[in-house]
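Two complexes, one shared chain (chain A), two partners (chain B, chain C).
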Partner chain A sequence: MIKLENITKKYMDDSKDTIALDGLSLEIAEGEMVAVLGTSGCGKSTLLNILGGMDRPDSGKYFFDNEEVSSYRAIRLHNFRKKNIGFVYQNFSLLNRYTVYENMAIPLLARNQKNYRKKIMDCLEQLGIAEYANKFPQKLSGGQQQRCAIGRALMTDCRLMLCDEPTGALDSKTTIEIMGILCEENKHGKTIVIATHDSDVASNCTRLVKMSDGRILI
Partner chain B sequence: MLKRVFLFGQKEYDSLLLFVGMFLLFYLGMNLIRSQILINNLNKPEYLYHKEFFADGIWNKDMFDETFKMLKGSGANCVIRGFMVSVGLTNEHREVRTYLSAEALAKKEKLDYDEWMGIPNSVLIAGRLLNRTYLREGKKWIIIDGIEFQVYAVIESDVILAQSVYMNWGNLEEDYKEWFMWRLADEYDTSGWNGIPLIFEKLTKFHDEINNFQDQFEDCLTTYENYDDYEQWDRQELYEKMQKIYSVMELFCIFVIFYLMEVWFARRKREYLIRRMLGCNALRLCITAFRDAVLVTGLAFSTAVIVMLLQLCFHIAGKLEVLEVLQTIVGSFIITIGFEILMLGFHVLRLINIYPTQANIEAAE
Partner chain C sequence: MSKKNIIVVAIMDIMCQKIHFFLSMIIIGASLAIIGYFSLFSNISKLNRDECDKILTKGINGTGVMQVFSSSNSNSQKELIQNAYDSGIFEFVGVWEYAINAFPLPNELLQTRRSNMGYAADATPWVYVQKSVFGLHNIKFSQRINNTDENWNNPNRFGIYLGANYNGIPVGTTYVVDRYGESVEFEVLGIIKKGQMMMSSDVCAFGRADELTSLSILDDVIIMVYSGQPPLWVGTYSNGAYVAAGGHTLKEARDYLENRAKELDIDLESGYLSEGFRAEEIEENDLQRVDRELSGLIIVTCVLLCMCIICMEMLGNRRQYGIYYANGFSLKDLLEIQICQNIIRVLLPMIGAWFILSKYLEKLYDIPIFVGTEGSRSAMVASKMIEACSTYESGKLLAFWRNQTALPYMIIVGIALFILCTVIPVLIIGGKEPYELLKDTRG
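Up next, the complex of A and B:
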């Protein structure tokens, strides 16, 4: 499903080049649940940004379903992201001025979908936060917010879910709950890539990729 | 929708502040335009005409009638007049004002000095002539540059010790006229007379138009019979001051709104990034941002219109002049909406190039 070939990415910091990804090659099959483990600054987030079409590699090739995504222009890249990718971030990235229900509806509205009420309510039910549908995110606990964020990612019917430190802001009990949800989604066939520095989180995944200084160790 | 835009209950006041700023922008803009309309109303040609002749109390109807009578009876192609005046002061003299106001009435607009100079219908020579006049055959004459003119009338000017003279004119060939005028000017300059000769040409006979002017003059007199001119001048001064204050405040508002727009968009940047991450395209994002800002603007404009209408009702005791109100509101709308679109455009277009990486979202928080 995913093939990265010799991906390099540099950032300019204070007129100094920082190498985020250094000739990284990786393959991920459909249905895998991959944990990208590494310390802060090792390039995990950059990898996820490239996988999600948020960023472009400086060199190397990124194939998704045998199509070279790294050569896509902006609009095509946007459409690729819209069609295939779901994002879950550590900070939940929920919109505070919208209710949980409305947050879930945003990706569907962006795709011009209508009659989505049942779909959202079913998802909220599945995630165990249906009773908070009309509440604003800041009224919910961290775990509930992350469930909402996962639900929102699921709304897009994405094939690849990218989770950047999804449990970074949560306690251990909630972390287990969230990982349970992600594992469940993986069992339903969703490909998931989780960037984390928490080995406990990584242990829930079917495959472990260790990174250091922009390279894959194992 | 309002709740979403204004973030009620979420302790974020940028939309509210933007609303207040926009309201002030519109309201002050309306008042700015309104004060200009008021000043324009005060300066209607009919009023200026009245103001020029009667408001200072020097000139009265009898004097005016007498002047008209003299001019009508002159039988001249044009009028040469003499004052102790300079070019710059010429339009302060009532004879010139007669022309100015009459022309203004005819054109239904105020004339300034340059426009007066452009009127191809008069000849005026300014200078003190009296000591050079002489009597012959019971009429008063003067010789200028070897040409004898009949002095038609002498009237007292409002300039102390100065006197004015009207003279017949009509015995010069067309091609000689210009040369004569300049020759005349030189003579006056070197003769020790006070004032600079001024020459205005008048191709049609002035007295042909006198009856028409007189009718208009009568109308003005009736219209402004009970007018308190000093109040009128005070009002004009007040409106002009108001206009200056409004202008400064309007300018201040523009800066404040620009800053508030920055805050407004900065506050929403995170939302736009997240929306982008969730699949919104740039166009939809711009439309969302524009819609929210236009909603705030629309509300501010509506509120300003209501407040302005209340103010107008209060000021003119319900006698709303529809045209004035429309001018005020539509004028303000066009100017401020134009400005707003420019400002919004500047901010909204920045949304096209935002990338919803986690780092960017966190940075926007």
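Up next, the complex of A and C:
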């Protein structure tokens, strides 16, 4: 499904240039659950952003379903993102001003879906946080917040779910719960890429990719 | 993303920060009111002069009000005015004199008048004007006979136009009155429509600016017209207002008058009404400059205030926009949400500000202090002019402000603000790489 060829990404700073991705090549098949493991600053987030169409590589090609995403212009890129990608972030990235329910509704509004109440409630039920639907994220525990963030990513009906340190802020018990949810989703056919530096998390995945200094090690 | 969802999200956004949003609306509304007020204020003296000139002359081309001062003896002055009439360059405008005892009143008219106004009403019903004044003021009649000039060769025959309160009297009625043994005929030529106004000489008399009576309602008035020789008392006052008409410019009229005055050895001062205002204005230039600059400063400050508030609001929402973006909103969607919110944030307070401002101006307008200080004569005249003009056609000038100047002005200011305040923050947000935006969502 995904093919990256020689991707490089540089960040220009006024002091020095940082090479975040350095000629990275990678293939991911549909239905895989890939853990991207590496030290802090090795370029995991950058990779995920390029995969998700949030950012563009400086050089190299990115194919998704044999279409070259890296050549897309803004609107097509946006449509690609909207159709295929769901994001989950380390710090949950929930909108604190909105309730859990409203947070879940955001991707559905963006996709012009109607009568989504049942869909949201079913998902919350499945994630075990239905009782918090009308609560604000600050009132929830970290694990509950992350479930909500995952739920929001699931609302997009994406094919590729990108999780940037989804368990970074959680204890080991909650981490196992969250990984359980992600594995469950993977079993239902979703392709998942998880950036992490926790090898326990990585061991839950079907495939392991190690990164160092913007390159793939294995 | 559908427009409906854009609005849903925009309103959702507003609803979860109601107090915040409401406060920004109040600040913007207040700023807009201040901007509106000061921009009107800085334009007001211009409005006075130009608009009043236009209204007083009804915008007829080649007309204008001119005043003449003369300190010479009344006989040569009378001759000058006589010549001015005969020249055909001048038309007599609005300088009307009460002629209470000059002519005997037809009894029937006197009685009608008494029953109209009550016995206490002592104000004179008689007004003597030269008939061309009607051309200038476009006074409207509810009934009227067209008279040919042949009817006017008889010096003992006068035409009269009756105010609206005499409307029981049919047009064409002729009254015969005995005057020094001769019979004088008065024929009712027309009934004036209700609420019509005519300018009196005082509006042009700079020297008596503080006693201006300017316009009068003609409802109870009997206007006598006579196009033959001017009556005896025509030369007994020295301030006159004239207009040039019939293809002559004001300048031609003035040149004629000045040349003729020289020939007659009359010490004459003349000037256009608007010229007088301008001269006064120059005296007040310093004051006005300060006013203008202060207004400008206040306006700019308020515009900046509005912009900053909106920018701050939008920059404060960056994390939110990053999350929207990551969840499938396009930059265009984000822009549309901005626009939608700013419509509420700017245009709604704008309407409120306009409403309050117009009410305020109306109030202010009753005490016309906004055109200048007490001691300023041109301000007094101008304010009286406005008064006169506005009563002339039921608040015409006020309506002008309200409907034709203030509202579009406020709309333009509002739209400009709205564009500035939407475009700049969106440039700040949209100009960033999406990746940067995302970073905000994490931080």
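Heads up, the rule we're going with is that the second predicted complex is superposed on the first by the 217 of 218 C-alpha atoms of A that agree within 3 Å, B and C clash if a C-alpha of one lies under 4 Å from a C-alpha of the other, contacts with A are read in each partner's own complex, and residues count from 1 in each chain.
In this text, a contact is a pair of C-beta atoms (placed from the backbone, for glycine too) under 8 Å apart; a residue touches a chain by one contact, two chains touch by 3 or more.
The model shown is predicted, which means the values in this text are computed figures rather than measured ones.
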Would you mind checking whether chain B and chain C clash or fit side by side on chain A after the superposition? clash
Look at A:L95 in the shared chain and tell me whether it touches chain B only, chain C only, both, or neither; answer first, second, both or neither. both
Counting only touches as set out at the top, which of chain B and chain C does A:T156 meet: first, second, both, neither? both
Look at A:R81 in the shared chain and tell me whether it touches chain B only, chain C only, both, or neither; answer first, second, both or neither. both
Answer with first, second, both or neither: which of chain B and chain C does A:P107 touch in the superposed model? both
Only one listed stretch of chain B (59-67, 131-139, 185-193 or 293-301) runs into chain C, and it is 293-301
Could you list which residues of chain A make contact with chain B in one structure and with chain C in the other? 49, 54-55, 75, 78, 81-82, 87, 89-91, 93-95, 97-98, 106-107, 110-111, 152, 156
Using the touch rule from the top, collect the residues of chain A that touch chain C in their complex. 49, 52, 54-55, 74-75, 78, 81-82, 87, 89-91, 93-95, 97-98, 102, 106-107, 109-112, 152, 156
Contacts from chain C onto chain A in the complex sit at residues 1-2, 5, 8-9, 12, 16-17, 320, 322-331, 333, 433-435, 438, 441-442
Which residues of chain A touch chain B in their complex? 45, 48-49, 54-55, 75, 78, 81-82, 87, 89-91, 93-98, 106-107, 110-111, 136, 152, 156, 164
Complex contact set, residues of chain B against chain A: 4, 7, 10, 270-271, 274-275, 277-281, 284, 355-359, 361-362, 365
